[in-house]
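Following this line, the structures themselves.
What follows is chain A paired twice: with chain B in the first complex and chain C in the second.
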Partner chain A sequence: MLRVLVLLATACLVASDSQFCCSAEDRHIVEEQWDTLWHDTESSKLKISFGRLLLLKLAKEIPDVNELFKEVDIANPEGGKFSAHAMRILNALDMAINLLEDPPALDAALDHLADQHQKRPGVKKEHFKKIGEILHTALPHVLDDYNAMSWKSCFKGILSKIASKLNA
Partner chain B sequence: MKFLIVVLVALASVAWADEKCDILTRLKFKSQWNRAYSHGHSREDFAEAIWRAIFAQAPSARDKFKRVHGEDTSHPAFKAHSLRVLAGFDIAINLLDQTDALKAELDHLEEQHKGRNIPDNYFDAFETALLHVAPAQLGRCWDKEAWKECTELIIHGIEGH
Partner chain C sequence: GRGQHSAPSGSERSVVGCNSIIAMWYLLLLAGLAAASAPAPEPSFKERRLQYIVTNQNLHVDKLFDDIKSLEKKFSKLGGDVDLKKVRHIKARVSNLEGDGCEGEHEAQCGGDVPECISDLFFCDGHKDCKNGGDEDPDTCSEAIAHVGSSYTGLASWSSCEQHQPHHAVVVITSSHREDDFQPRILVKGVLTLEVDEESHIVKTTQLSGYYNFGQRELVLDPFGEKTTGNYGVRCEFNLGDDDHADCEIVIPSSLHVCAHFNAERH
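Moving on, here comes the complex of A and B:
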């Protein structure tokens, strides 16, 4: 088993940049595990709370971020503006995950998200790195089945693509 | 006393009938939508069916989507775009039972559509497309009136009138 893991890890390192080691099976696992969260009609409340916690945690770890979310009223996180924004962010993640099995369309979707973030001065690559860390800590708390290897390899690709047009 | 109760009940039912996309209808729409919206490949197919139905009704609407390859609904750029639009619609639907957040989202969507000169009949084409693709996806268990009333509430919010 260990040998297989080592082999897999080596294979990921060898793979080119564009092939960010998120195999067909990884994609499938991520999509299936994510899907278990959204069977309830009230799942929007979960989406909002999860998105809210994600962004607030990011703002706590990197306080500069507060300024970036001023327009969506981060000062009042329970309010309508920030709730809707939390939902938007979570839905963008949802869209990316649901496109994992269609790489060309996923690429187009992430490219658009990269453009949207490029337009926001002050957004940095390190913010996305941090979001990745926060996600990997948070997801196992809400998912009964969480395959860390698959999620990490797929999210590394997703987040770095979204951050790819940022200068800093 | 009895008379009062009768009057109250009558008033309540008038108020109830008056609001077409009421809270129960919203919950029903939301749960049926979540089923139709689905995930993965089947979500992509759902989106493509809606867009093909839109363009079949309003072929000139394709011009609005030149930047995202509207001439070919199976182009990756268009697939991504069609899912973005449905994702925006999904947000609004999921917020139907949270008034403040719904208001904020509809304002945001209105802002995004402003200046694009989208005629009302394109929005009508979206509604018609949705109301035809949804039952194909859901089969027997769907409530056309609920979908119609709540979809219109969202569309009016986006149009701003």
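Moving on, here comes the complex of A and C:
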């Protein structure tokens, strides 16, 4: 088992030409498993509640975050303002996942997201690390099939790329 | 009284007539003189009539010629014959869909009117094993596919293994060798080139070695050597009825898992 893990780790190191260790198969798996959530017409309801849970959980774990989301009215999470924001974040996540097949476009989109987060003083890299942890505990609850290895390897790249322009 | 009166008027008329006839003769004479002064003699009326008929017939033929031309134009607008290559490809595709009806994995179809399957180890070995001799047919046993320098190019689309956008893939045969005492295969070496990124000229190459199988019309190449950057094998099936087109797959050699696919054409 250890040998397999070492092999996987070296395989990721060797694959240096792709920007992060998230192979073609990983990308297919992530897209397929993510897709199973969106078969209903009321997908926005699901997106809002999932995004809301994600952000509130983050705010609970790192209380400083409450200040950052003041503008979108985090004090009133059921309100329209915060719901719209939850939707925005989930849609960005959706876009990133759907762009996994097109690395140059994904790179540009993530770069744009990095710019948008750079403009918000107070946003830190550790916040994104926490968001990653929350996602990986939350997703297995909503996805019947969840390949943790694939999701982690792809989301590590996505989140660190979004956080790449932050100072702290 | 009437007769007397009419006589002078008649003579008067004849005098006028005489005058005009004389003038005409003069004119004719002048014309004759003019003609006589020209170098060539005026052709006779008979000759001119003949000439007239000949000219007319020529004009008639010209008109027929024009009519035929316009008919031909009309006919050519009805569309041309079907390209023979196209017919060959369609026939090959239909027979691919029909299947060859051979049960064993290593059996191949003899071809011809009566279906017969024999082992692909019996193809092109110099001995007729098919009842119709199809296994020694010169077309079946053409070595052209494995000729050194042959290259097969196509646009590879990846369905797994790599996250590449569609790009060109080239297989070049670099050496080929057929053992005298084992003819049903040609041993082949080659290079697989993946033109991954044309802008930055990133090219991945893999040294290949394998064989060409006459019975299955299949080129099977595995990676070999230590200086390879990729580790993909290639399988090309020349199933379009000629030696110039193949259905190729880029595979993982151990599992034959298909990573990419390209329709190869000889260049």
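One rule holds in what follows: the second predicted complex is superposed on the first by the 155 of 168 C-alpha atoms of A that agree within 3 Å, B and C clash if a C-alpha of one lies under 4 Å from a C-alpha of the other, contacts with A are read in each partner's own complex, and residues count from 1 in each chain.
Everything that follows uses one rule, which is that contacts are C-beta pairs under 8 Å (C-beta built on N, C-alpha and C of every residue); 3 or more make two chains touch, one makes a residue touch a chain.
No experiment lies behind these values; they were computed from the predicted model shown.
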| item | value |
| --- | --- |
| Room on chain A for both chain B and chain C (clash or fit) | fit |
| Residue contacts with chain A in the superposition, chain B compared against chain C | B |
| Which superposed partner A:E101 touches (first chain B, second chain C, both, neither) | both |
| Contacts of A:E25 with chain B and chain C, given as first, second, both or neither | second |
| Touched partner set for A:S83, first chain B, second chain C, both or neither | first |
| Partner chain in contact with A:A109 - chain B first, chain C second, else both or neither | first |
| Which superposed partner A:E133 touches (first chain B, second chain C, both, neither) | neither |
| Chain B versus chain C as contact partner of A:D64, first or second or both or neither | neither |
| Smallest distance from any CA atom of chain C to any CA atom of chain B, in Å, after fitting | 11 |
| Residues of chain A at both interfaces, chain B in one complex, chain C in the other | 100-102 |
| Residue ranges of chain A touching chain B (in the complex, touch as defined) | 31, 35, 38, 41, 43-45, 47-48, 79-81, 83-85, 87-88, 91-92, 94-95, 98-102, 104-109, 112 |
| Chain B - residues contacting chain A, complex | 27, 30-31, 34, 39-41, 43-44, 76-77, 79-81, 83-84, 87, 90-91, 94-95, 97-105, 108 |
| Of all residues in chain A, those that touch chain C in their complex | 17-18, 23-25, 27-28, 100-103 |
| Chain C - residues contacting chain A, complex | 158, 160-163, 165, 202 |
